[in-house]
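Labels run A, B, C and D following the written order; every chain starts at residue 1.
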Amino acid sequence: MTDPLTLTGVIPPVVTPLTDDGEVDVASLERLVHHLLDGGVSGLFALGSSGETVFLTDPQRDQVLEVIVRSTAGAVPVIAGCIEPTTPRVLQRVRAAERLGVDAIVATAPFYAIVGPHETERHLRAVGAASSLPLLAYDIPVCVGRKLPNDLLLQLASDGVVAGVKDSSGDDVAFRQLVVGLQDEQIEDFAMLTGHEVVVDAMLLAGATGSVPGLGNVDPHGYVRLHRGAADSDWDTAHKEQERLVRLFRIVDSADPATAAGATRGIGAFKAALHLLGVIDSPAVSLPMRRYDADETGRVRNQLERAGLSVRR
Amino acid sequence: MTDPLTLTGVIPPVVTPLTDDGEVDVASLERLVHHLLDGGVSGLFALGSSGETVFLTDPQRDQVLEVIVRSTAGAVPVIAGCIEPTTPRVLQRVRAAERLGVDAIVATAPFYAIVGPHETERHLRAVGAASSLPLLAYDIPVCVGRKLPNDLLLQLASDGVVAGVKDSSGDDVAFRQLVVGLQDEQIEDFAMLTGHEVVVDAMLLAGATGSVPGLGNVDPHGYVRLHRGAADSDWDTAHKEQERLVRLFRIVDSADPATAAGATRGIGAFKAALHLLGVIDSPAVSLPMRRYDADETGRVRNQLERAGLSVRR
Amino acid sequence: MTDPLTLTGVIPPVVTPLTDDGEVDVASLERLVHHLLDGGVSGLFALGSSGETVFLTDPQRDQVLEVIVRSTAGAVPVIAGCIEPTTPRVLQRVRAAERLGVDAIVATAPFYAIVGPHETERHLRAVGAASSLPLLAYDIPVCVGRKLPNDLLLQLASDGVVAGVKDSSGDDVAFRQLVVGLQDEQIEDFAMLTGHEVVVDAMLLAGATGSVPGLGNVDPHGYVRLHRGAADSDWDTAHKEQERLVRLFRIVDSADPATAAGATRGIGAFKAALHLLGVIDSPAVSLPMRRYDADETGRVRNQLERAGLSVRR
Amino acid sequence: MTDPLTLTGVIPPVVTPLTDDGEVDVASLERLVHHLLDGGVSGLFALGSSGETVFLTDPQRDQVLEVIVRSTAGAVPVIAGCIEPTTPRVLQRVRAAERLGVDAIVATAPFYAIVGPHETERHLRAVGAASSLPLLAYDIPVCVGRKLPNDLLLQLASDGVVAGVKDSSGDDVAFRQLVVGLQDEQIEDFAMLTGHEVVVDAMLLAGATGSVPGLGNVDPHGYVRLHRGAADSDWDTAHKEQERLVRLFRIVDSADPATAAGATRGIGAFKAALHLLGVIDSPAVSLPMRRYDADETGRVRNQLERAGLSVRR
């Protein structure tokens, strides 16, 4: 069992490379894992939103976990998204994740189903009770339609149900209040991971223990430098590195907004960039997203070059 | 292949009875199908939101379709929800639905994934192209976070991609504008089904061709009388029956709001009622919902009795 | 004091004609009042959202009330919007409305201020207590950010605080449940007015007592025919008239969506139409809206002609 | 004319003390101004949301500006909220603010009126053109229902229309991207003020030039220490002071959530605290808010004492 203490530093949500016919591209995924480990990351988050988890079939998800766990070979913890609308379906994914040897699991509030705080509490308690692995609560209202309330998170933390939070809520006020609430309850070793790649320095100052930056797929070294700066209280370095990464994140603005919304823009950009960097063989994405076209890819290339990354294609 | 013309009248979203240990209760589901057919319904919508589709595993979903298709024995069309967050996963469900012999399929906009109108269009076109069965678009923003735009629906209708809409948007203005838009485009035989059980008479006057009332599980005869009234331009009868059903729908207010939100209140009430009526053997619901407790069930019983239904337990 | 019983039929929210330099155009407003009275309306709603109430200064608002009350000369009741963010400011408008001789007042939930149901209840009770005139609650969540809850409305109705609802919530389910709730509480003479001009027939079937259609400025005769059809249980006539008006309402789609949003599209269209019909002298609207340009006005003209209205310019 | 450069540091949104009968309490307001100036603040924001601006009549607003400008006596800049739903009404407030001698003005996006980016742009350009004073854009979607888009803000900054932003959007991602966007456009002397009192240290690291903390009314010294720490790159001091203030901000959780929502909780708490500290004579708030009761005030007292502040009552 992973010590939750180790869930610090940079833990990118690993993109899932696909072949042009929609299958998991195993060789590319292996290269991506090594690219990230070489970049100095502290952990890998498999099957997160950036990993297209809700686009993959269960056999594909199992394959992704198998490849990532094998390629990582224990170098860092692997945490696995178990992201489904409701409890019975999440439990299926928990059993698969355990079988495939991950180190921690991640679950959101229920979605599609119309629920309130009590249903969310029953959900997370049932998921936590079903596994011996640490459970991280994934707070992502933009996808599930509801924020995890701080009082619920504090109670679940206090009861040992959740070992951390992966915060993609965009609510820095609630994040800060949770940090201070955990201190006051003397809850230690609780992972507070920010998912917002453009405010990692600020959230580390506010008390985050680490980050889960989608952009970390593209530039893991940058996020690792940022984290080390913060860990050394060298906030000037952290801040400068973050500003460079804010600019690099503009790759997601490369897509034509008239025909590409959130998921397409983000995942499409990460894959276009990883393809240009020579890490993955195809920028293919799942339907109903579409891959970046030539013009869009050209804009991604420009941003990569400005950020000082080595474009290979 | 079903003629979309037949998608009129009352087409309840069939509840999925469960045993106390969470398995599909086949005998109860068979009884429920006969209860609905005896009530005079014109079709059955399997694996909708009221059918707990996002709570069921794929084998359970297949089992539900198999039982409903077999029990219905061609008496009325069976339409099947293929409700998953993204295209590849919906396509898996489409193949299962076709294999199990349903007459039409139903898909929502993508969910969890952050998408815009272009992704939604690619999604519905891909689903439509993958099946020879008629496709109904399920408009349910409260679950998926976005409304299907009327201009997209008109285009898809005009292109023959969708054969109808199951409207649970709560947006009667858009519903009416779509009805008139279809007339102006001379698109006929398009199913306009309202999912809001308390305004069926009004929506039939506005141009709906039928209804998909969750409450129709409990009182199919009432909805059939309502529909026949409207079909005969006997709006007084339709209106009176609807007002009785508005009151009966208060069974969903029986749950304690402090510990039960939307899904629990609705599905819990339908199952508590069907159990009291002797149609299903257990009021069990899936996690993270909870079944109605004794007090709540007592309030459901009172409403059933006031509505003149025969309580058996 | 107006008998609330008379708040039935068609009560248009009167547009406020402006001169090109932004002053109230008194002669045009007088012509508009006569246009509406000639159309057979049962009341006039001054200073509603369509009347640009939140764009006008207090002296302008007073002037509008003075002109409308004087021009109406008691022929029908005049109800006046007292629309401000908070209680003290609404009370100022209530005193002005009383002084200027209106027959009833209309107030929304608080806005801008972040409030909950208790603040809304204190607000409406304070407004009701401050005036001897009947108070209508204006339910318009798209403008104020929150819906008036049915349980609050029923309590305020039961306590005699509010004499009716002007519903622009777009929530036909709640509207219907309120109608039936009022019946069950035996609250009579309560005005249930729908503000959605494209579903008036359906809402009258559902139990509305009247309508407040912005489009009624343009075609009062049409709405009066619709209402009389419904009142005579001639639902076929009501439905046909409504469908014609659904098409006429497309004047609001005449504006370029790239540079005109909700208020501009709606109020701009009503004023462009009234100008073309010769009722008002200028289609000017308040900043930050803009008036319709020549192309947009051309499209309005086409819709008016298709609807059989007499274009004068 | 104020040099926008000076809009750095701590600029509290000044609470408006009221007498028990709802009038502006001039003596208390003068004491509050001196309390803030003694605390070392760099500016005063009069008639902001915390100043109950949307609850006050125009004469009361004028009185507030007159008292604050006079009491401040040029020691620091005074900026004035001109907060009304639409352009003509904001312009009225701009003229009053200029007449009363403030140093800058603040306007939000339109509210109540349904607008889009083009209406918002016309609004802010018209307000900016109407005054020789610097204009700050107030980004507060929780009150007005829409966020100011970064591309619009960058354009208005580049065109010299707005001199800064007061950010209460809760969107730290957009805030950071705006900071970097301003750098890339080489727009200097632009005030980037955060309104979120619990993340001031983080936002200063991210590039804020100052803060507008409602809680700064209660503890100006704390926010000044925080700001100086950040200005000296002593992030450890800034962080510690911020964590103390996160705990002090819990005074807003003192109100019973069953009967007090956002505005009541926040403004009620600030006034209860200022009353306990002996700065203002009454904790009275405007309708439809309510003042804190004895139990709630007791909880505020406890938080003040824990934070080391000198309770006088």
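Annotations
One rule holds in what follows: contacts are C-beta pairs under 8 Å (C-beta built on N, C-alpha and C of every residue); 3 or more make two chains touch, one makes a residue touch a chain.
Everything numeric here is computed off the predicted structure, so don't read it as measured data.
Using CA-based centroids throughout, the chain positioned farthest away from chain C is A. Centroid to centroid, with C-alpha atoms defining each point, chain C and chain D lie 35 Å apart. Mean C-alpha position of chain A lies 49 Å from that of chain C.
All chain pairs that touch, listed by label, are A-B, A-D, B-C, C-D. Those residues of chain C that touch chain D in the complex are listed here as 22, 49, 54-57, 83, 85-89, 92, 110-123, 126, 142-145, 258-264, 266, 286-290.
Note for the complex: chain C touches chain B at residues 170-173, 176-177, 180, 183-184, 196, 198-199, 201-203, 205-206, 233, 235-236, 239, 242-243, 246-247.
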